[in-house]
Each structure stands twice: as C-alpha cells, then as structure tokens.
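In the two complexes that follow, subunit A is the common piece, with subunit B as its partner first and subunit C second.
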Partner chain A sequence: MNLLDVRNLSIKLLTGEKAILAVDRVSLTMKEGEVRGLVGESGSGKSLLAQAIMGVLDDKWQVDADRFHWRGNDLMRLSPEERKSVIAKDVAMIFQEPMACLDPTTTIGEQLAEAVYSEEFTGFFWQKHQQRQLAAINLLHKVGIKNHQKCLKSYPHQLTDALCQRVMIAMALARKPLLLIADEPTAAMESTNQGQIFRLLASLNQLKNMSILLISHDLENVTHWTNTITVMYSGQFVEAGTTEQIFNCPYHPYTRALVDSSPKANMHIPVKSRLMTLPGSIPILQHLPIGCRLGPRCPKAQRACVKAPKVKNYHGHQVSCHYSLKDNY
Partner chain B sequence: MLIFTLRRLSLFVFTLLLLTLLSFSLSFLFPGDQVTNISGQLNASPEHLEMVAAQYGKHESIFIQYWRYLTHLFQGDFGISMASQLPISEEVLNHLPATIELSSVALLIAMLVGIPIGFIAAIHHRKVTDNIILSFAMIGYSIPIFWLGLLAILIFSIQLGWLPSAGQISLVYEIEQRTGFQFFDILLSDSPYKWQAFQNASAHILLPACVVALAPATIFIRLARTAMLNVLETHYIKAAMAKGLNYRQIIFRHGIRNSLVGVIRDVGLQFANLVTLAMVTEVIFSWPGIGSWLIESIYQRDYTAIQGGLLALSSFIFIVHILTDFIYASLNPLAREVHHGSR
Partner chain C sequence: MTSLLEVSNLSKSYHVGGFPFKRRVINALEPISFEVPAHKTLAIVGETGSGKSTLAKLLVGAEKPTTGKVKLNGQTLNHGNFKQRCQHIRMIFQDSGTTLNPSLTISQLLDEPLLLNTDLDENQRALLIRETLQKVGLLADHMNFYPHMLSGGQKQRVSLARAIILKPQVIILDEALAALDPSLRSQMINLLLDLQQQMGLAFVLISHNLGIIRHFTDYMMVMSKGQVVEMGNTLDILKKPQHKYTKKLIMSQHFQLLNR
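Up next, the complex of A and B:
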C-alpha cells in the first residue's frame, strides 16, 4: 500500500492581479520504508511541495490536488485542521538552516520536551515532567548525541550547524513518524557533517522502517542514499523512477542534462574539457513559459512543447516529455 | 554576564561625565556671571562671592574649574536655587521621587496595555481587529498631551467626578516623609488610615499616569505588532508548526518571548519621550514632580536649578535605559555573551 499518494498537486501564489501557478500538477507517491529523492534546481518548487504536504504554507498560497491519500485515507475530505493533525501525527519535517529553525531564546531541552508526545505518559503532571525529560534525553541518544546534559541546557547559537540538525531530527523523531521529509538537511554544511547526517537518516530508515523524502538540488549526492527519485523543474513534474533508472538511463532531456552536468557520472570525458550544461537559467515566477517550462532551454524542444506533455509510464519509470529519450537506449 | 555589567557601568560613567561637561558649559552660556550661575549665590556680599569664586577656581585654568565643579557635584553640592535660595540637591530630592512614581506607573500602564494589544493586532493581521487597533493607535499617538490632560480632567474629574484632578494625595492624610516616594511612605507609616491613604494616592496617580501613558502605549502597540509579525514569519515558527504545536502554543511558547526581545530594547528609548510627556502632564495636574519644578525654574531664569534638574533627570533616564538593557539581556541569550569583534 502506498504511504503517501499525491496526484496533480498545484500550488498558486495569490498576488495582486493574477495568481501565479508556482507548482503545476505534480504527482508524488511514497511507499513504506522507501527513501525517495526529490531533485530539482533551486526555485523548482521542491520545498513548496513539501510544505504543502505538511500544511504549513501561510494563506498567501493556495493548494489544490486531485488526490491526497495518506495510508489509504482520503485527506481531501477532511477539513484543513483535521488534515493537519493527521499529517502532524505521522509526518515530520526537517528544514535547511537548522539554526534558524530553532527558537533562539529557548533552550534545546525545552524545545525537545515540547515536541514529545505527551499522551503516552501515565501518572500525574509532576511525574510527567520527569518522563518528558527522560524522553528528551532518549531522543538525543537516538540521534547520536552522547553529552545530553550539556546539549539540553544550551541555546541553539551555542551548537554547531550539524548538532542543530541532529536536534531537529531528534524533534522530528519525537512523534515516531512514518515519513520524514528532509528539506535540504545538509545545505551549508561541511562534507563530513553532511555524511554524518545522511548516515543517520539511512540508519533510521533501515532500523525503524521510516520512509524519507529527501529534498536536494544535488542529484549526484542524493543517488547514494535513495531508492527512488522524482525530478522537478520550475514547478513541473519531470521524471520519476528508481535511482538506477534516473541516473543510468534518464528519459527526460532535463534529467539527462542534470546527469551530464555531474562530474562523477562523466569520468570518461577528457581532462579539462567543459561539462555539459543547459544554456540559460531557471525562469522566474513572473515570467513562466507556457506548456513545458523547460521549453526555452531544452535542446530537444519542438513545436509541440508549447503544450504541457502528459505523464507517460514505462514500467514505473514516469516521464513527462513529448520527445522522451527512451528510444536512445 | 559580569563583563556585560561592567560594560554597561562604564557606559553609564562616561555618559554622566559628558552630561556634567554639558551642564558645566551651560554656566558660561547663560547670561550673567559664571560663578553666580554655577553656585546660585545671588544676594551674596562681594567678599562671600569672592570666596565662592575661589572655591570654584575662577582664577585658574578651565580644566581646574571643571575639576572643582566635579568635586562639588560628587559632594552632593549642586549650588543653591536662585529663586528659593535652598540647596538644589534638597529640591531635587524633594521633587524627583514624585516624577519617578508618575513615570514608572505610566510606563507600566503603557507596557501592560500596549504590548498585549500589539500582539493581538499581529495575530489578527490584516483583519478588522488589526485595522481597528492600528487606527486607534494612530489617533492616540496624534492627540496633543496638553489637550488630552485638560479633556481628561474635564470628563473624569469635573463631569463624572470619579477621580481627583490635582495633587498627589488628599490633604486630609498626613503622611510622614521617609523615602520621598509617596507609596512607600504610606506603606511604612503607622497611620491607622494607611489603606485609605493608599487608595486615595492610587486614585490621584491614575488619571495623570493614564494621560502620560497614552502616547507611549500606542508606540508600544506598533512596536509589538511589528515584532510579532517578524517573529511569526521566521523559520522556527514554521518548524514549530511542523512539529504539530497548535497556534496558541506557538504564540505563547515561542512568539511572545521572541517578540518581547525586540520590544524591550525600544522601551528604554521610549522612556525619555515618556518623561518629557510627564513633565507637561505634571504642570496640568499640579503634580509636585521635578518636571513642573524645572519648568517653573525656566520661567524664573533659575539657572542653577536648570543645571541641577537637567543632571538629575537625565541620569534617571539613563539608569532606566540601563535597566531595560539588563532585562533585554535576561530575555535574549544572544545578548548576554557578546564576544570580541562580533558587534
């Protein structure tokens, strides 16, 4: 059974004159125990999609979807508040810039304690405080922080970025989530710390069978840790499939370009030659092209591309392109 | 924390030194004889005046003169008032407590009313409540205080008769002066009518304090509103939402504390403004504070009183400023340990 099944989710930015379609009919499915990567350039709407799933977007944004199922339950039928409580119970999210996501004036201990799910506790309220502290310490141990006394007493600015991200993960684990959405968890971090965080996430996935939606702009890095990958471009769905499918035989010209631009996949090219990149940059929200938004940059674009292509499914490898590269392989 | 305290104290000392420099230079700038201006000896015989001039180092260099002036100040000798021929220090000690009472009660009212209302406005951002509060704040800020004071007397004292219109306490109560602060004196006294006196003094302070508090309260409304709006847009609020906290928990646990950090900083700045308002209000409500005394001395060209009152008032404002800095530091862990070069 699918854990999460989102079909044709659109996010509109309500501005003065005309609403801007920031995310255009993106579909996403997650299975239990799966690690899925959500890859795209900055500004491709990955974080928006994640925040829409969590329901933490403010009222400037309008979210529509054809289908939004969580473990077989249709969440579209529930009111926003009910939906949020269902999601908050089973889905947790960690953000980029962990330091900014922790309240600067409250100690780590207090913030962890308030994340702990208090309904599991028994006894009177004075006993609950003790249990809360114990639970917080246990959470810190789970994410590999051994010096819990010092960590609980400190303020976020006294910890390093990697430690803050561990604390964020600890908070996310407090409710024993089935799905963890990690929104660029290692942005602006050193590579050793990056490795630590990713290894921690991988072990959580293996030991607790927790699904992880890993959002990143770095396709190459993500392939080490994921089973499946969804690629987005400028708010549109591009391609989805297993990591091998995406990395070894991408069907979409954009994914092809992403793979070509990564140094590791191109070890065979001559020394000091240029890496293949797409011309131009991602369009800004005010000037989105019609049809397939990759159009102006796409090496394969033809006349039909002014109409958005339908998603085609080849044995679980979904691609949204009129001229897919399927026959090239 | 020790270094933080030492830094504030050194700032305090140096600002006070600058203030004395200003008040010292005033004695040259005021018309008339400098020694008379600085000592207030108006009707002294020539021999006596010569003695005072020698005390203040009239015939020596300007630095020595300043040093002499400083030593006089440190001995608590601000000269004597030209108008009443009483020592300035005594006059200031008589009048300052009333002003401290009035302005602290007003500050308390302004904060207790203004900051929560500002938070409410931010929570209902861009809704009817927000607009009503904002327009109320705008009106409250633009009302001239002189007119407001007269209007308040007219309505609450004369028409409705709820509150007394002038003075600190009814003359019926005889309160022995001990600290100079009316409320403390009442609480310390052995009078059998202690509580009636306390009630009476509270009724007297309510109207002027509310008049003084109105303009600062509207500023606090706006400050608190912006601070809360800024906090609500930060990442940690979004993260707290993703954690599954509800809106009320987010506001009470993370919103209020963080936005207070932003507001408290400006409370110290607003206090100077508030004291100015209190000076005008003291005249309207015949409040026996340093403000009305200072304005009276300005009318009477009482130069020694102006210098002494200026020193006393500004050091009082500065002390409050430093106190708010300490409150700020206790709320904001980031301010407590400023390392070298980080600011």
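Up next, the complex of A and C:
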C-alpha cells in the first residue's frame, strides 16, 4: 500500500499583482519501507514541496493538489489544521543545518527529554522525570551515540555537525515516525561524516522499516542509498523511477545531463577532457519560461516545448518530456 | 627545469596559552616539500583540521611560515611582499559568490585588483576587464551589473575573473567547487581546464570529491594531523591507497561507484 500518494501538487507564491507558480503539478508517492531520493538543483522547489507535505508553509503560499492520500486516507477532505496534525503524528523532518535547529541555550539532554512523548509513560508523576531521562538515553543509543552522559550534558555548539545531526535524528525518532523527510541532511559535512549519517539512515530504514524521503541537489551523492528517485527542475516534475532506471537509462534530457555531468559516473572518459553539461543556469522565479521550463537550456527543445508536457508512464518509469529519450536505449 | 611552484620545508606552528609555563606549541603543519609544474594540478585531501587550509594560507601569503620557503619560477617569495605574491598566486574560496562586495558593480570589482597591483591607465584596464569577462563566459554587458543581479554560477565566474585578471600563474581553489550544483560545477571544471590549457596555469585544488579529483588533477597529496601521509600521481593513489585515511575516504565514496 502507498504510504503517501500526492498527485499534481502545486504551490503558488501570492505576491503583489500576480501569483507565481513556484511548484507546478508535481506528483510523489512513497511506499512503506521505501527510500526515495528527491533530486534537483538549488531553487528547484524541493524544500517547498517537503514543507507543503508537512503543512508548515505560511500564508504567502497557496497549496493545491488533485490528490493527497496518507495511508489510504484522503487528506484533502480535512481542514489544513486537521491535515497537519495527522501528518505531524507520523512524519518527521530533519534539516540541512542541524546546529541552527537546536536551541543554543539548552543542553542536549533537556531538548531531547522535551521531545519525548510523555503519554507513553506509565507510573506516578515522580517517576516521570527518570523515565524521560531513560527514554532520552535510549534514543541516543539508537542513533549510535554511545557516550550518552557527555552528550546529554553538552550544549549544541560543543558538538560537531555530524553529532548534531545524529541528535536531530534522535529527536525525530522520538515520535516513532513512519516517514522521515531528510532535507539535505549532510550538506555541511565532509564526505567521511556524510557516509556515517547515510549509513545510520539506511540502518533505521532496515531495522524499523521507516520510509525515508532523502532530498539532495546532487544525484551522484544519493544513488547508493535510495530505491527510487524523483527528479525536479525549476518547480516542475522531470522524471521518477527506480534508482537503476534513473541512473542507467534516464528518459529525460535533464536527467541525462545530470548523469553525464557527474565526474564520478564518467570513469570511462579520459582524465581532463571536457565534461558534458547543459549551458546556462536555472531560471529565477520572476522569469520562468512558459511551457517546459528546461526549454532554453534543453538540447532537444522544439516548438512543441512551449506547452508543458504531460507525464507519461512506462511501467512505473515516469517522464515528463515531449521528446523523451526512451527509444535511445 | 625548475617547477613553477616549489615549496620546500614549509611549516607552521602556533603558540597557545598566555603564561610561559603553560605555553604549548601546536604544529599546524609539519615541514613539507613539493612541486607543481605549469599545466598541472595538485589535489590536497585530508580531514578537517589536518592542515589543508593552513597550507593554503601560507601559499597565498596570508600567514607567515615558521620555517621554509615558497619559490615561484625559481624565485623565492618573501612574506610581506604582497604585490609580487598577489599577482602570481590567487585564491578562490568555497563561498566566493557571497564574498563579492554588493555595493560595487562587476567592472568596479574587477578594477580593484588592477588599481592596486598594476600601472595600467583607464582604457587599458577597461579593455582587460572586457577580455577577462569573455574568457570566463560572461558578456561585456555584465560590467554594469551588481552581484545580486547574477545567479550563483555567474557569481562564481566573476570571482574566477577576479582571480585570473592579474594573469597569475597559480590558482588555489579551496573547496571552491563543493557547494555548486552539478551542472554549474561541470561548467566550472570545463572552464578551468580550458584556462589551464590556454594560460599554462597550475592549480592547487583542496577537495573531498574523489570524482572531481580523479578527473581534474595530476598529483595528489593526502594530509592527516598536519603531516603529509601520502603523495604521488592521482591515479596511482586512487588505485593503490596506502594510508588508512585514504582508504577510508575511498571506501566512503568509491564503494558507491563499484555498486552501480
């Protein structure tokens, strides 16, 4: 069964005279126990989409969707507040800058204890303090922090980025989420620490069957950890499929360019030769091209591309392009 | 033949602690020696705090070395002679896009180093600015833009233009490619490779991304705790790493390659 099923979700920025369509009909499904990558360059609307799912965008933004199902329940029929509380119960989110999300004036121990659900405790109120402490220690062990005494007493700035991110994950786990949305969880780290965090997420996925939506701007960085990948460009849906489909035979010119431009995927090309790349850069919100937003940069663009393409589905491999590369393989 | 950049016995230590009896010496960089010829690129990898940035600062002359010297074309660069050094060794930082002064136009930004380091008149400077913008793939129209009107990638190009406008011989890239989006990163790599071919530049690239290191560099130096633990041809080291940090780094990235 699909855990999350979102169809044609759009996000409008309500400014001045004309609303801007920041995210244009993007679909996303998550199965139980799945790790999905959400990939796109900076400014493609990944964080907006995640925030829209969590229901935490403010009044400036207007969110519409054709379908928004969570565990088979139609959330479109609920009010925004009800929807938010249903989601908050089962979905947790962690962010790019762990240090900035923690309260710098309080110890890790206190912040963790606060994150623990008190309803779960049985016993008298004087026992609750101790139960909270135990629960906090337990959470730290789950994210692989063994020296819990020292960690609990520390303030956020005394920990490294990777440790802070582990603490953030521990807090997210306190609610036993079914889905964890990780928005560039390793962006600020060096690669050996990145590996640690990815391995931790992978083990949580395996042991607890927790689904993970892994957001990243770098395709090559996440391919090892994901089952499926969704690619976005400038607020539009590009392509979705299994990691193998996306990496080995991308149907969309944009995905093709992403794969080709990665030096890691290009081990066969000669050292110091030119890398394949698209010209130009992602448009800003105020100057979005009409139709397919990749148009001005796309090597295959033709007249039809001034109309936004419809999503085509080839056995679960979805692509949104008038001239897909499907027949090239 | 002498190498373009020659570093011998370079080291840096800091004194910490106020009282004499408490004073300790921290060796941020143990003495190291290496050479980089023209047209070649040296990669430096290492954990945070392993001395990479200290080395970069010593090379550009932002810090005074404790021992050793840096030679360019066989000539020793003296600490303090900024004019000589600024012209020949330039540096680009990770977030160089955001370090551009927002109140100056692009042409004013590029004019600055010329005013400080050369005796060119106004027309000559304008011509050089135009030429340099063209080299990094920007238009003459961009001269009157302010930084906020440019995209991230274009800002990176401006900082590259600033770095090459004095016709340096060595450029140091401190994680300058790490935060870029993949398509911009490839554009930047192509551009740097072109410039290296045209102008015979030597690059020193500080980076963690082994994919980029493999593609972009000729030699590689691995540092740990202020010491060089491994040095040699990039491909040799990537194929047969000796030190455990190198192995760990390769495991954490290569690993992903072999499985796909």
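As a working rule, the second predicted complex is superposed on the first by the 329 of 329 C-alpha atoms of A that agree within 3 Å, B and C clash if a C-alpha of one lies under 4 Å from a C-alpha of the other, contacts with A are read in each partner's own complex, and residues count from 1 in each chain.
By definition in this document, a contact is a pair of C-beta atoms (placed from the backbone, for glycine too) under 8 Å apart; a residue touches a chain by one contact, two chains touch by 3 or more.
Keep in mind that what you see is a predicted model, and the values were worked out from it rather than measured.
K.L.:
Which partner does A:Gln194 contact after superposing on A: first (subunit B), second (subunit C), both, neither?
P.N.:
The answer is second: A:Gln194 touches subunit C but not subunit B.
K.L.:
Applying the document's definition of touch, where does A:Glu97 land relative to subunit B and subunit C: first, second, both, or neither?
P.N.:
So A:Glu97 only meets subunit B here.
K.L.:
With both complexes overlaid on chain A, does A:Leu275 touch subunit B (first), subunit C (second), both or neither?
P.N.:
Once the two structures are laid over each other on A, A:Leu275 reaches subunit C alone.
K.L.:
Give one of first, second, both or neither to describe whether A:Met267 is in contact with subunit B, with subunit C, with both, or with none.
P.N.:
Second partner only, subunit C.
K.L.:
With the two structures laid over each other on chain A, which partner does A:His157 touch: subunit B (first), subunit C (second), both, or neither?
P.N.:
first
K.L.:
Tell me which partner touches more residues of subunit A in the superposed arrangement, subunit B or subunit C.
P.N.:
Subunit A has more residues touched by C than by the other partner.
K.L.:
Looking at the overlay, what does A:Val86 touch: subunit B (first), subunit C (second), both, or neither?
P.N.:
A:Val86: touches no partner chain.
K.L.:
Between subunit B (first) and subunit C (second), which, if any, makes contact with A:Glu220: first, second, both or neither?
P.N.:
Only subunit C is touched by A:Glu220; subunit B is not.
K.L.:
Jot down the residues of subunit A that show up as touching in both complexes, subunit B in one and subunit C in the other.
P.N.:
Residues common to the subunit A contacts of subunit C and of subunit B do not exist here, since the sets are disjoint.
K.L.:
Where on subunit B is subunit A touching in the complex?
P.N.:
For this pair, the touching residues of subunit B are 234-236, 238-245, 249, 253-254, 257-258, 261, 331-334.
K.L.:
Over in the complex, which subunit C residues touch subunit A? Could you list them?
P.N.:
These residues of subunit C touch subunit A: 47-48, 151-154, 181-187, 189-190, 193, 208-212, 214-216, 235, 248-249, 252-253, 255-257, 259-260.
K.L.:
In their shared complex, at which residues does subunit A touch subunit B?
P.N.:
51, 54, 56, 85, 88-89, 92-93, 95, 97, 100-106, 114-115, 155, 157, 168, 171-172, 174-175
K.L.:
Flag every residue of subunit A that touches subunit C in the complex, lowest number first.
P.N.:
Those residues of subunit A that touch subunit C are 41-42, 190-192, 194-195, 217-220, 223-224, 247, 257-258, 261-267, 269, 271-272, 274-279, 281-282, 284.
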